[in-house]
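What follows is subunit A paired twice: with subunit B in the first complex and subunit C in the second.
For the complex of A and B:
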């Protein structure tokens, strides 16, 4: 069916059950390489891709009623600057004074877009599906912070950055959203798909120091 | 081996030294084998072997020897030959390792043509308190700050902590000071909030306590043993900085003061105590202050003779004099060494009296020796302090430039770096500064009591002598009184500079090249200033002042600054989700910003011209396919989105119906074209704007700037969705068939799906898609957008749907030709920031009924001049000449010799399959009035005649975009 005027687009987020085409993530061909590069033990660090996470970019006035409504509907408190409320399954990341990124498990964009937009109804603000815009790298292991410190100028010391903290920053020459999800430490790095291979190269290069012998 | 390989090594019972005698290391110096031990520098190993002489001097070829034991070394510079050759390494800093091979240099090394395969990387860290220098003051500061709980970073040049304590014999709380150092090092190492960087040089100290630190991680290891980076550059942001950078001993200037065997008194101590090496068996000490008496005592305690201690001061402290006399040395108070004798190495000195006016008195006496230890006083290492904005002043009491208190923003300077030379004083200042820095950084802590120390507390004031008068010659002839050993610059050179009229130390530095070597004035600077002050009859060196201290503190390989940002990591390479397919199709890529875009797809060895003609023909007569996923996309959302787009585009978007698309042009405030693209109206309050591939980031910044700074009240939010989408352009008369197959639910008929409409649909493979009827070629064309992760599936499906129709992938080159045939401009190619929409003949896209950014500029008289450059078409008259892009255009009657008035230039030029000829676009003064005129394009000595035309060459009526001209 062609709907010329039903335009509020959900194009990226339709039910995938009926789709016969293959979905590809930017780093799917590097799984084996990531496994080879993994270092275990007290000086260990590992890299993996977590593709297809649901991501919605939310913009709203920080003081308006829409923000409160969205926060209530999602069951997530409004995070402070550079913090995340919620958890890995559903987290709200502060990206700027009027910008948040809702990250959830794969395949929830349509549903969450509905929730957010209805909460925003009649107020200023936007909610845009950006799930396919970025992929997610997961960097974990005792040396993960050491690795990030080679490519990122944000202070990642536990006193300054710990679980539940996030930052939109540069890793090498790529913009990324850095989110610490665990104490080990463990990070999610959300990066635009076209930069994913560069970022993987950069992180693998920085990890090489910890490869045994 | 017949005799000991280390004849000058002290027996362990005399001096144990900080070396591992159990293991031997062999290295090669100028082809000779030199044996040392772990813990040795190349210089200490050379001296242990009895090799004093190194490479001859740079200009005069005079014999030179190891002169220092630190980074101020002017003579013992070597080229490393093993691994990747590296020039100008001071042997005094180079730790030996098995297989080290060097050549001594005459002041100049060479860069290897070899690729440097050693790894260099970077690290970015913060610290509450950064302490530079791990001598007693720096250790004390670090200990206290760490006890307060602050994150502390301690940086030191050397392998070991302790500064000069291992060079001496001091005691703390009744035990050797090295034990105190050991305890401090352990306490710091066990504190998880402390990071200790040894073998690390703070290169620079910048505003806001930003420091750059070069860490030598594997310099002391043979290449085959080093894994990981060889050097690392630390970018450190500090809350508070404590500079405990120590002091450098000054040489003394007298005749033939450059002979091998002349050595800094502190270096002699260092070799004796730290390295257990006796640099000479008969050592004369020539000093201006107290510190060198310890050198004499060290020499004596090792069994060396000290035939003379020559002190410039008429009354040296009695305690010191008694001490050295009791040990067997003779003191010459109020005296100077006028000359070193012997050639090439020192065999003796001439000693004369020095009166209160600085003139020689009495008859010089000669004393034999094989070592001359000199101490001209001390220069506090104020380099980092000065770099960070601190000013220095001359302190006549310590005879050196010291930090001008308080000065220097928030960097605290302690210990010898501020002219405090006694151990107790250094510890007290260190404790106080560490406590203060931690407290200011938010970690309240009080300084502890200073432990009991036996120190060599200086009691006598120094009496600096900048240049010992020659026994017979005037200053202008003192051509063997060296002020800068590395540059072979002498008192005579400084004198000559003043005789040419120079007064400023900056000028004299550049005229004489003093202080321009790798030591950067650390050893030569203040003596030169002193000589200059005397020559100019200035009241003190302070009146002359210093040259500017600039980073880096010590030389550093440029590769370190590059770090990992080289090769594939130099810049991100951005690819689309269909990239693999382009590679498989044999595409040749071009860089568009950071993107790799397929430029053309050569088949069977085609060159670009042939491939592009084929691809163009497919697009004009059949069906062709391009990956347009790189185009920038921005969702503009909010109740004020229509108003906002009206303001940022020259044409109107508020009246665009939902479900339709419109081409728009953006101008800067100056009225010049900034970017262009098609925007779709998704809903009343929602647009999807597209930008050029290269302009995506710039346009988003531009929109945000206006929203945040000028129109914060507008309810508009912009979100980049460039990579949410993947898209292909399906172009050509057969594109309707292909898209119809691709999207069976979509009515693709001319009536059902008009030009500049778009629709949401689901493709046959189940993938949701947005299809728009837009065209950048003039042909019937569709742009199909899907979620990024379906990009490859979309490409495959489109290729499959068009297989029987010969669907042809095309690249950016064909896209350029197709659009140029229609006279569509590419922002950045046909425009250059000086072109308005009116210049491009796009009056139709410039609204008269509303305001927009740049509108007022467009009505300035300058913008309306008839001779502005207009976009025109250009047809080479011969039909086949290809104009080079950038070629100038001149009137046919224009003179052949300069000045030749230029009328304009070619912006785009191609061969056209559709036209069967070459054609071009260009910007020509008053071009629209010149249509029909023939101009000349002087190219490589010949002229190409070109006819000026309107810029639309193909399908001027615009019928092909609906597929009407099919067949």
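For the complex of A and C:
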């Protein structure tokens, strides 16, 4: 996949430092493999990459006014521990007592950085564009939970983990952010770009038992 | 698999954590006055009880926060290190 990538300036103003370059996602060479490995039906499970999602790492004191202001500006409540507020288009993930990850659709980093930084004005805190740090795998289908359970020690049963929950944990040997986005179940797995191939291998292997024949 | 309770993330597999040794080892107030033995003791000598020990752990593969727990070295039972309990130690 070749897309035009706009590098945006720190102030969030796109026009001042617009650069175009070819951009490649870590798993773009495996699209055909993902399609071949997809299983449909009542015991189905599918894997796909959602590349280039906007990700901002936000650090702020949990009791400060900056956090309230950011939350109001974004229109997203502050999520409780291990939870996500918002939805797939714009979600705020809890990463720690004073750390959150804002995940949004591609190309919104500049705009959202501007919003967050102006809301943080004068308060301790930071907002950093970490979109290039991780890519996103999407695992969905009725057997998605069974597949994840092979590589993850977190309790993923619906009584403990459901839509709107997230966890930073190990999948196999790789650190990842796991986020359940739908009831099917449907998960987003945010993983470092350099671990993406490893994790794709691991998940495809775990999915193999559901392939027909 | 042992479950360790991270005070922030909840119960997680032990492999997500790293051990930080005995807790509450204070840096000497006057390090320049210590002789080699005292400095060596500060650096290397730690309590090794059969029983409870307050320890530092870090949730490396999760929230990356450090925290203290009280662990029974005989049974591996862990309980949170509650500051109010510190006075009695």
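Please note the rule applied: the second predicted complex is superposed on the first by the 193 of 213 C-alpha atoms of A that agree within 3 Å, B and C clash if a C-alpha of one lies under 4 Å from a C-alpha of the other, contacts with A are read in each partner's own complex, and residues count from 1 in each chain.
The rule is short, and it goes like this: a contact is a pair of C-beta atoms (placed from the backbone, for glycine too) under 8 Å apart; a residue touches a chain by one contact, two chains touch by 3 or more.
The structure displayed is predicted, hence computed values, not measured ones.
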Subunit B versus subunit C as contact partner of A:170, first or second or both or neither: second
Touch count on subunit A, higher of subunit B and subunit C: B
Which superposed partner A:133 touches (first subunit B, second subunit C, both, neither): first
Which of subunit B and subunit C A:153 touches, first, second, both or neither: both
Which superposed partner A:68 touches (first subunit B, second subunit C, both, neither): neither
Touching partner for A:43 - first (subunit B), second (subunit C), both, neither: neither
Touching partner for A:124 - first (subunit B), second (subunit C), both, neither: first
Which superposed partner A:198 touches (first subunit B, second subunit C, both, neither): first
Overlap of the subunit B and subunit C footprints on subunit A, listed as residue numbers: 153-154
Residues of subunit B touching subunit A in the complex: 121-126, 151, 227-229, 235, 237, 564-565, 568-569, 571-577, 594-595, 635, 637-639, 658-659, 681-683, 686, 688, 715, 717, 719-725, 745-747, 752, 757, 759-763, 765-770, 785-794, 797
Touching residues on subunit A, where the partner in the complex is subunit C: 81-82, 95-97, 99, 153-154, 167-170, 175
Residue numbers on subunit A that touch subunit B, as the complex places them: 1-14, 18-26, 51-52, 57, 59, 98, 124-126, 128-134, 149-150, 152-155, 157, 159-160, 172-174, 192-195, 197-199, 201-202, 205-206, 208-209, 213
Sites on subunit C touched by subunit A in the complex: 1, 8-10, 12-13, 15-16, 61-65
